[in-house]
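Before anything else, here is the set of structures, which you'll find just below.
Note that subunit A is present in both complexes that follow, paired respectively with subunit B and with subunit C.
Up next is the complex of A and B:
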């Protein structure tokens, strides 16, 4: 299957990548961005039919960088199975779809991950009443686990390493896992921590459930583009980096106009007051200013979509800036 | 004399309500036990379901009288002892369920198309309609009108199919699939029974291949591989690709259903038609097919209902049909956890359509008396 996919990828690549994606996007007049069919906090349609979420913001940021207009984006819904063929065939210009950056996807499938917009990892959720404070105390527990995923392997490894046993209750979908846990048919539900948070938020009484502190896998989620079009890759990469740098420098959508007369050189470079970084990317010079003005910096997007004030209540954790105990880090803007 | 001839009434126990009860519900002791058990279950279940869906449910306002804008404001989330279903999510998202992401200023076009669909179905469903012939002309041109109405062109602004969703996509897929598969299926069925070896082989190959793979595979085929076969520069719309896959799938099944009907026609009918000097096409159109289709009505409706429900699989290739919109709603942080309400609503809509189809087929069967043995009359 993987081989087949890469053949498709190469075949489709041959058709679609002869012109630069950036030029294609500019000529078309809007960006085509692949998102999920709905994942709480990352991409989901709101009541008025507008897509919202961390990944949706990523798409909009790129649209703003290219066109200076956050509405110049068409969201194409993709599933876990259809996302790679859709990107490879050129039906979307980029994917911002909760996709874990792995070597095989980056190299073998012919894609290029341009950064990480969310550091996720597999975690455990238990009823608070179980009285467990660490996953190492879960000896003999019944675990609800989605079959055929990497989470299954991670789980087996973790329990073997800690010399404890478990009984697996195989499930197919997240909904099924939720129902089984809530009905008490399993003691533990394990999946990505962001998924656990949305499951917990969906409970009638979220305080009855607890996400354990252990994170047993690395799941760096980020936007990706097709291999070989470095100019376009740069545009997407630096749209994400601009949001992270803006947070680092304390530039927000509210104070961005005041910051235009800042005395910090990097702020002036970021906002296009000094230097011609926009030109290098073949964008307008105020591209980063527009992203911050219309979308906000990384923190603003995080807090609005998945942060502690939203029903998901995901603490910054690994996703805090490197200066604040996390690992979020963008190369300097100069 | 008169008194002797007076008709005696049958015993009370065999007529009227009591008789009906005795014969149908309490015929013997096992029967009676089952009846009592079912009554008990209904007694337990019906009040609960009515209470949950209607009496304690929130429709637009919660029990405090506030208009509900997210799941935290639902009565049952404010006070778990109080409140049933929270239908406000359906109320708020109704537009998306029916039209998807269709732009609001253009939505009248979808409404007109829905209305015209009903008008186009009318002469097909109700054969005694006055001026039926003129209505039928309209039915034939309806697909063209609907295409321009929904998609744009001829002075209408274009609305890309990416913005379509919800019931609109479900109906477009279901109706197009069923309508196109019917003639294609007939041709395939005739082809498979043809005495010309190449035609018969090609039709058999097509039917067996399409029937031998799952619909999901065909959807992927349409989504991923179809564009590779097309010349460069021709960009086929995603929904069209899915439509092609769905139509191929449905035609193969329809062909086998109709072939079943054809097999049931006694050879005498063919011989009689031929002895009158009819050509192959006249024989099939006038004698064979009308009878074959008449006895195939139940399985035709059966596969059509199956297809209508199978359209939900398009979520796999990223098209948001009615169920897809429901799932998208569940992923909105404002409406997390309202899965019972959303799945209930989606099932209800599907039930209304499929139940309608099934009732209509019963009516057709009665009208055309498909039960009789045609060989004998």
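Up next is the complex of A and C:
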């Protein structure tokens, strides 16, 4: 019996194709990256049908690290509910999908969050005409809420804590929330503040909508991979860190070629001129150079997708570097 | 050569051999699926077990007409809320689909060309458009109703908006229980009167006005009692307070969309089943009963329908099963049924996908088997009894 069981275990092992995700990705020739069904600024098709956004850039950065080519990525859309089964089953190699890092997801669901690419918090958006100026005035309101999210749980906590009542209208996607809010089926839409800015920017008349000042939770959003494949986790983690470190060192997509002859040792290590950090990750030695060249550093990605000059108009705030009043901080590159 | 095949030419041996083979392969397949699953779960560090059912859910469910639900309640309670909501839309949907289906099936056979064509168009449209689209269509229409602040007021007490239909809620005061008891007694006695009248008619041929006397017993007697007791019932009217109506009874658009779509879709199938059932009764039966001087309505009630029911009931059962299973599409419009609440939100918040899905599947299986069980009893009772 024991022998039979081990035969089955071996057979099962052969069937579960996640022995080494990095090798799988290399053999397949492209990266499968799970993103949202469309959230402007984070991951949504742009005018030319190309996926664009902060999360889309995260996927592209990993593709560049592995293949040196930003186009070697297939974007797979997932809802708040389907994202975890999709990752767990191996349908995608990683998720970059506004996903909040929590203990239960990290530990119980069997995933590994490799970092934070956006520090967010949950907010509320109401029609300006509703005449509400604070979330504590929302007693009795109907609230649109995406199911299966941390925001759903924060919402229940917030109203319970403040001793006020609400009616939850469960929705599946951001688009559904938008539709129900605009039709007046719900009074309030609550999700991450960045998501609200994105939704508001997509409205035909953004001034008709107001984001309330309360931020009721911590929502560190970041890419995640399956737990246990540390080599792959390292590749994704350091793709993100490389972008942050590049901003810290002032390396941009414009000046990266000039920086190859920099006299700052960490810049030379980052760009692969000195040391063999690429080899340690089983990547080519210029992986970080390619990320910066093809995608840009964190600041460039931020400003292009969600920053003050975009329709989302989100100031850097918490997402500024630690040296500039924010909490964005990457471990040293050495 | 022949001696080698000796065993195989034995029919008994052959049948045992193949049956054992099939059972063995099935068991092997099952074992493989289970061992692979548990191996992969363990490998991916996914916790398994049933203890999550006792953990607080942490989220709210607003649509729970039978149980009060708070975010501190457990996932087990989420399950019960879901089962009740699934049963609510299934039972009301089955009743409405049956009534509508019977009417349409009979109208379809009417000699009025226009009526019959209209039903034909209805049937072909609603059974050939996917149910999911119909649910979404109804919901999109309901969402376009006026906003809650501009609710339509009907008869001064009903309010219609895209948040639902608000009506006064009856509040029963002490003394109302006597009225309820009167209704129950009236139901029992009309049942007994019916039996007695049937027996008497079989014996003597005399008829008794069962229908009108039952109506009198069930409606008039409790009503008189109600006024004698000083109308022990009042109404709580919905009132606009802040963002929403407070108080009163509310029917949500999510429920209405599900109810309409399920009953209209299934009624189309039922009407075809009813039509087939009626047409299966030979024309001679109708002519013979007309020849002995029975009224048209009696021919239908006493001759055609009882024979048609034998053809109607078995496929009707599977329509009930379909409707119940189709109610799981409620997720498309956020109707808080079993799949949406427990099989969706709880599953996702706890990550216990296999456990949640197993429970949901077992529940649908039990509901379906229960429906089949009772419909089979009913089917046996209406079958032709050979003497």
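Keep this in mind: the second predicted complex is superposed on the first by the 234 of 334 C-alpha atoms of A that agree within 3 Å, B and C clash if a C-alpha of one lies under 4 Å from a C-alpha of the other, contacts with A are read in each partner's own complex, and residues count from 1 in each chain.
We take it that a residue touches a chain if its C-beta (ideal position, glycine included) is under 8 Å from a C-beta of that chain, and two chains touch if they have at least 3 such contacts.
This one's a predicted model, so the numbers in the text were calculated from it and none came from an experiment.
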Should A:198 be classified as contacting the first partner (subunit B), the second (subunit C), both, or neither?
first
Looking at A:131 after the superposition, I want to know if it touches subunit B, subunit C, both of them or none. Which is it: first, second, both, neither?
neither
With both complexes superposed on chain A, which partner does A:168 reach: first (subunit B), second (subunit C), both or neither?
second
Check whether A:46 is in contact with subunit B, with subunit C, with both or with neither, and answer first, second, both or neither.
first
Kindly classify A:332 by the partners it touches after superposition: subunit B alone (first), subunit C alone (second), both, or neither?
neither
After the superposition on A, what does A:153 contact: first (subunit B), second (subunit C), both or neither?
second
Applying the document's definition of touch, where does A:85 land relative to subunit B and subunit C: first, second, both, or neither?
both
Between subunit C and subunit B, which one touches more residues of subunit A when both complexes sit on the common chain A?
C
Is A:312 in contact with subunit B, with subunit C, with both, or with neither (first, second, both, neither)?
first
Between subunit B and subunit C, whom does A:110 touch in the aligned arrangement: first, second, both, or neither?
second
Those residues of subunit A which subunit B touches in one complex and subunit C touches in the other
8, 11-12, 15, 81, 85
In the complex, subunit B residues that touch subunit A
69, 71-72, 76-77, 80, 92-93, 95-96, 100-101, 160, 162, 220, 223-224, 227-228, 232, 238, 315-320, 324-325, 327-334, 336-337, 339
Given the complex, residues on subunit C that touch subunit A span 31-32, 35-36, 39-40, 43-47, 58-62, 71-72, 143-144, 147-148, 162-163, 241-244, 246, 253, 331, 334, 336, 340, 344-345, 347-351, 353
Per the touch rule above, subunit A residues touching subunit C in the complex are 5, 8-9, 11-13, 15-16, 80-81, 84-85, 88, 104-105, 108-110, 130, 138-142, 147-148, 152-153, 155-157, 159-160, 166-172, 176, 179-180, 183-185, 187, 226-228
Inside the complex, what are the residues of subunit A that reach subunit B?
8, 11-12, 15, 36-41, 43-47, 49, 52, 74-79, 81-82, 85-86, 89, 91, 175, 198, 201-205, 305, 310-312
